[in-house]
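After this come two complexes, each holding chain A, first together with chain B and then together with chain C.
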Partner chain A sequence: MGPASRNATGDSRGWVFVGPAVLWTLAFFVVPFVVMVGYSLWQREGTELVRAWSLANYAGFFDKPHFVEGLVNSLEITALVTVISIVLAYPLAWIIAERVPRRWQRLALLLAILPFWTSYVVRSYAWLLVLSRGGYLNQWLMGAGLIESPLEIAATRIATVTGFVHFFVMLLTLTIYANLVQLSPNYRRAAADLGAGPLRTFWQVILPLTLPGIMVGAFLTFVLCIGDYITPQILGGNNELVLPQIIMLQITRRADFPTAAALSIVLMVVVTLAYIAAARWLRMERV
Partner chain B sequence: MKKITLTTLFTIPLVICAGGAIAQEELNALVWCDHTDPGFVEPFEQANNVKVNLKDYEGTGTALSLIEQSQPGDWDVFVVDGIDVPRVVEAGLLAPLPEDALPTADLFPEIVMPENHVIDGKTYAITEKFGYNTISYNSNTVDAADVADISVMWNEKYKDRIAIYDYYLPVMGLVAMSLGIDTADIQESDLPAMRDRLFEMKDVSRQVGEVVSSQTAIATGEVDILVGGGEWVTAGLTSELPHLDWVIPEQGAVRWSQSVGVFADSKKPDLALKFVQYILSPEGQARLATSSCYWAMPANSKAADHLTDQQKKALRWDDQAAYLANAQLYPAPDAELDAKMQDVWTEFLQH
Partner chain C sequence: MTRRALGNVGVAGYVLLLYGFIYLPVMTLVLFSFQEGRFPIPPFNGPSLRWYEAVFADGKLTAALTNSLVVALLSSALACLLGFLAAYGFARYRLPGAGPLKVMITAPLTVSYLIIGFGLLVTFNMAGISRSLWAVGIGHVVINTPLCFAIITVSLGEHQRNIERAARDLGASDWQVMWRVTAPMLLPSIVAAYFLSVTFSWDEFIIAFLLSRFDVTLPVEIWSLLRSGLNPKTNAVGSVVFLASVAVVLILEFVVFRRYSSRRAA
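Moving on to the complex of A and B:
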């Protein structure tokens, strides 16, 4: 068997291994995506689906300020959630990785992600019980004499962000922790040898080395948060709509799949742009 | 021998189960959530040895998209908003019903609505339940005189204590009535004034929510007033929360109704009609009126014989004549106006 035939055999073996993944991606991503793009170019007129191709649904997005506002709300909430989650998750991950003895770290991680085990919807409604006018938080604050009348937190953006942050802190803690425990202690020793204090060591050595973990978690947070409509629906009280809620309205109220598809493509483009920006800025290929 | 015995042991129950499944007919119904109460559907299933598969939905748009994704013949019975019957008949979804098989004469006359159900001389659906989208309130904290006037919907006195039911048709109907416009006469030119009034309401409201969150909000005391509420929110809660009440303001309220029909493509039209007849029977009507999902008035006046005095009191049975006189039907916009109303509603949510 010559080198050429060995290469051919190698190529075909490669396809055997890669084939299922390619087929999977084709069946569950490429084909549905193409169908969705096709749908977004059709129109719903009354009860009729007009199968004539046009960009009217995309033009409609920019014509209607409440659609654009939905995207702006989505971006603002997602940015807020991502930043707050990172700020809270990093110290938590650091404490688990650096301060908790090795043998207790698994248990600490388990406790940190325990809320993941409850249903997402149930968790959102549970937050409603905590944040509502007569909820536990207001009862406690009033009982402690810190406030005289209940705070209006439920059905606001604060409630939506709180619900999201609770979920995504867990996710970010995992990705940052995984990065932190991989760091060799020699980095710190070398920094100390060179005269760096703990703060400078963290700022100039540890933090840059854990950026990949932060960025992976942040990107997952961004993607999951910007596409979610359940938390804003339950905790936001419909007082401001995010783009996924507007997409759902097109389906449930109008059965307008073409507009819903067009809005979904817009959302997907935004996520893709966010990924490209993050990847370029932080050289995500290192991740 | 041992193999045969084991195989037989495993096979017999399967055959019995399969045989049972074959013997029992199935009926597929696309319904509102009140039909999913086992106490309502089980008597029909047992009496007819049939399994009724119920799929509940909210909003005719959702139902149409479900039907669009189904095969002809998948569905047998359709419960739909009364105002949408002409739309679904036009789409060819419903079959004519034999009039002599329906208890139309027993229905409250105001809710027979032949203009919606009879098309080209054929009856395609019949009203099964009705009620009002009006004002529900906490009688411990809200002045009864305030809720007697429709202006309570934007009354600063109740700022942040008002929830609004998230369904554009009834609430925009109430808004139109507050502006002196009949629900049947809403035009595109009325939308700017309606938008302004909706924005006023949003400024004093606490939240806009669907059925569950609206009910939860008023039941837990998160809000004291629910715009768009009615007996469907509070009647079922009267035994536990007697302070929750509802009222039709002087200016009137919006009347909703749900209708039932048989799908044109149904493969079991006789069984489907039998289910419709059960729903419209006095017993079925009493069960449907007090379904665990929500309570509301039965269309058949003879259901009174099967309701307790307390149930009738919660439904305000004796006040129906006055209520029906002071209520207007849901707005029934054409597709173009409907899309514009939904845009206004989305702007309102975003306000």
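Moving on to the complex of A and C:
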């Protein structure tokens, strides 16, 4: 706040501006969250909702192997997607930032993320086309003589990971590029003056300086990937369920809201833990 | 070949490979929307516009398209207004508890849409509110308000404060300053926030799926099309949606931002 700012003293008037957003978030985000926590402590028995507080739904989580399996699947797929996406996106972002002439960079970046705007549901469907038995991938592999009969890729973990990686490569290219162009060319010049070759400059100077950008991108990938229902449902099918699919089954098939609520809270706790880890890591990096 | 030339070939190869990967599904989608036959898989036997005709003859799809547009345009307008007012209020007034309140407003950004949608579903259930497009709109305002708030907050800097002060010294009231001085200065980021919200709402599936009933939005209608398996009609409607979104992005990039940056440079 500027010390001489006249309206900085008019505290009560500020609420007129801030109030609507605060009230909206309270009514349609905070209250629903509290209601959901409440629901997670109730039980569903048969078709009846039993309004007695207990932690049975949470205790039940670890008793039911398919719930725990869902969480493990979610974590494994998310970890795999995050690592593969970073490994693929980093070189692309680096090439756009370093090798593409300045005036073409914006266009190159725009082209790299244009399919990002494909409809969410449609994007997964489009991968289904590519990966299906008669799809292009199988045709090419068979044409190249690498396989004899079409591979069953659709409805497997590979399909889910492919669909996710496609989305997050675009997202990460954007965040890593933003980080790379902010670096002053002086770092590279200084490293060169001190006798470092291009490879050494990259490993010991550029890469460490872009680690925070990578971490932010990785966190974003983690959060969006672990909470997603569409991609695993369309591409992964029902062979290997992830946590959001299990939550949706409780809601739409079994109408078991208390269990769905408890599973949602578990999902949120996992994301929060990841957030704390990422935040702590970023703070350590800065010190 | 020298090492440098080898490096260039490697770079070009990598770029080609990645752009190929990024465009493979979209190209397949669009190509087979022109398929003549009933299966959107190779070999391609077109081009034909029959599936586009089928899309526009399908009353459910066109109704869903209209619903999506209305929900996206209206919910984004409200989200943008709430986000702008809050950003302005926090930047220009000293408010007790501003820190925690800002965290609360931005919190929906870190929560899965599935959880936000489900929370609203159980709450509306308890309150006796039935599922409808209004409920979907409310959910979309919840997810887009923090986005608009964050985008507009970032562009509200100190340099505008002096112009606002000048306006106030010339006798403008608080509201006049906000509407006639601050809002026009922030127009590019407000427009960007609005269109970003529109594309997010337009494309959102899980909240719309959980909170709608008889009237649905386009992603939900496409979802029910998917149950019939691979179908060129899905390709056609998907291509229409993709081209519409790309048109919005390109208009933003080349009209709004170009004009703004050239004006700023002048």
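Here is the rule we go by: the second predicted complex is superposed on the first by the 255 of 287 C-alpha atoms of A that agree within 3 Å, B and C clash if a C-alpha of one lies under 4 Å from a C-alpha of the other, contacts with A are read in each partner's own complex, and residues count from 1 in each chain.
The criterion applied here is as follows: contacts are C-beta pairs under 8 Å (C-beta built on N, C-alpha and C of every residue); 3 or more make two chains touch, one makes a residue touch a chain.
This one's a predicted model, so the numbers in the text were calculated from it and none came from an experiment.
J.: For A:Gln139 in the superposed arrangement: first (chain B), second (chain C), both or neither?
T.: Second partner only.
J.: Touch check for A:Phe164: first (chain B), second (chain C), both, or neither?
T.: Neither: A:Phe164 stays clear of chain B and chain C.
J.: Going by the contact rule set out at the top, does A:Glu240 touch chain B (first), chain C (second), both, or neither?
T.: It touches chain B, and chain C stays clear.
J.: Could you look at A:Phe257 and tell me whether it touches chain B, chain C, both or neither (first, second, both, neither)?
T.: Both partners, chain B and chain C.
J.: With the two structures laid over each other on chain A, which partner does A:Trp42 touch: chain B (first), chain C (second), both, or neither?
T.: Neither partner.
J.: I'd like to know which partner A:Phe61 touches here: chain B for first, chain C for second, both or neither.
T.: neither
J.: Kindly classify A:Glu69 by the partners it touches after superposition: chain B alone (first), chain C alone (second), both, or neither?
T.: first
J.: On the superposed three-chain arrangement, identify whether chain B or chain C touches more chain A residues.
T.: In the superposed model, C touches more residues of chain A.
J.: Could you tell me if A:Val223 is touching chain B, chain C, both of them or neither one (first, second, both, neither)?
T.: Touch partner of A:Val223: chain C, not chain B.
J.: Once chain A of both complexes is superposed, is A:Ala155 in touch with chain B (first), chain C (second), both, or neither?
T.: After superposition on chain A, A:Ala155 lies in contact with chain B alone.
J.: Do chain B and chain C land on any of the same chain A residues, and which?
T.: 128, 132, 134, 234, 251, 257
J.: Across the complex, what residues on chain A touch chain C?
T.: My answer: residues 1-2, 5-11, 13-22, 24-26, 28-33, 35-36, 39, 88, 91-92, 95, 99, 110-112, 114-115, 117-123, 125-130, 132, 134-136, 139, 166, 169-170, 223, 226-230, 234, 244, 247-248, 251, 257, 260-261, 264, 267-268, 271, 275.
J.: Can you list the chain C residues touching chain A in their complex?
T.: Residues of chain C touching chain A: 11, 14-15, 18-19, 21-26, 28-29, 32, 39-42, 81-83, 85-86, 88-90, 92-96, 101, 104-105, 107-108, 110-116, 118-123, 125-126, 138-139, 141-142, 145-146, 149, 158, 161, 165, 168, 174, 178, 199, 203-206, 210, 218-219, 222-223, 226, 230, 234-235, 237-238, 241-242, 245-246, 248-249, 253.
J.: For chain A, which residues count as touching chain B in their complex?
T.: On the chain A side, the touching residues are 45-47, 49, 64-66, 69-70, 128, 132-134, 152, 154-155, 234, 237-241, 246, 249, 251-257.
J.: Residues of chain B touching chain A in their complex?
T.: 58-59, 61-62, 64-65, 68, 87, 90-91, 160, 166, 168, 202, 206-209, 213, 216, 220-222, 334-336, 339, 342-343, 346-347, 349-350
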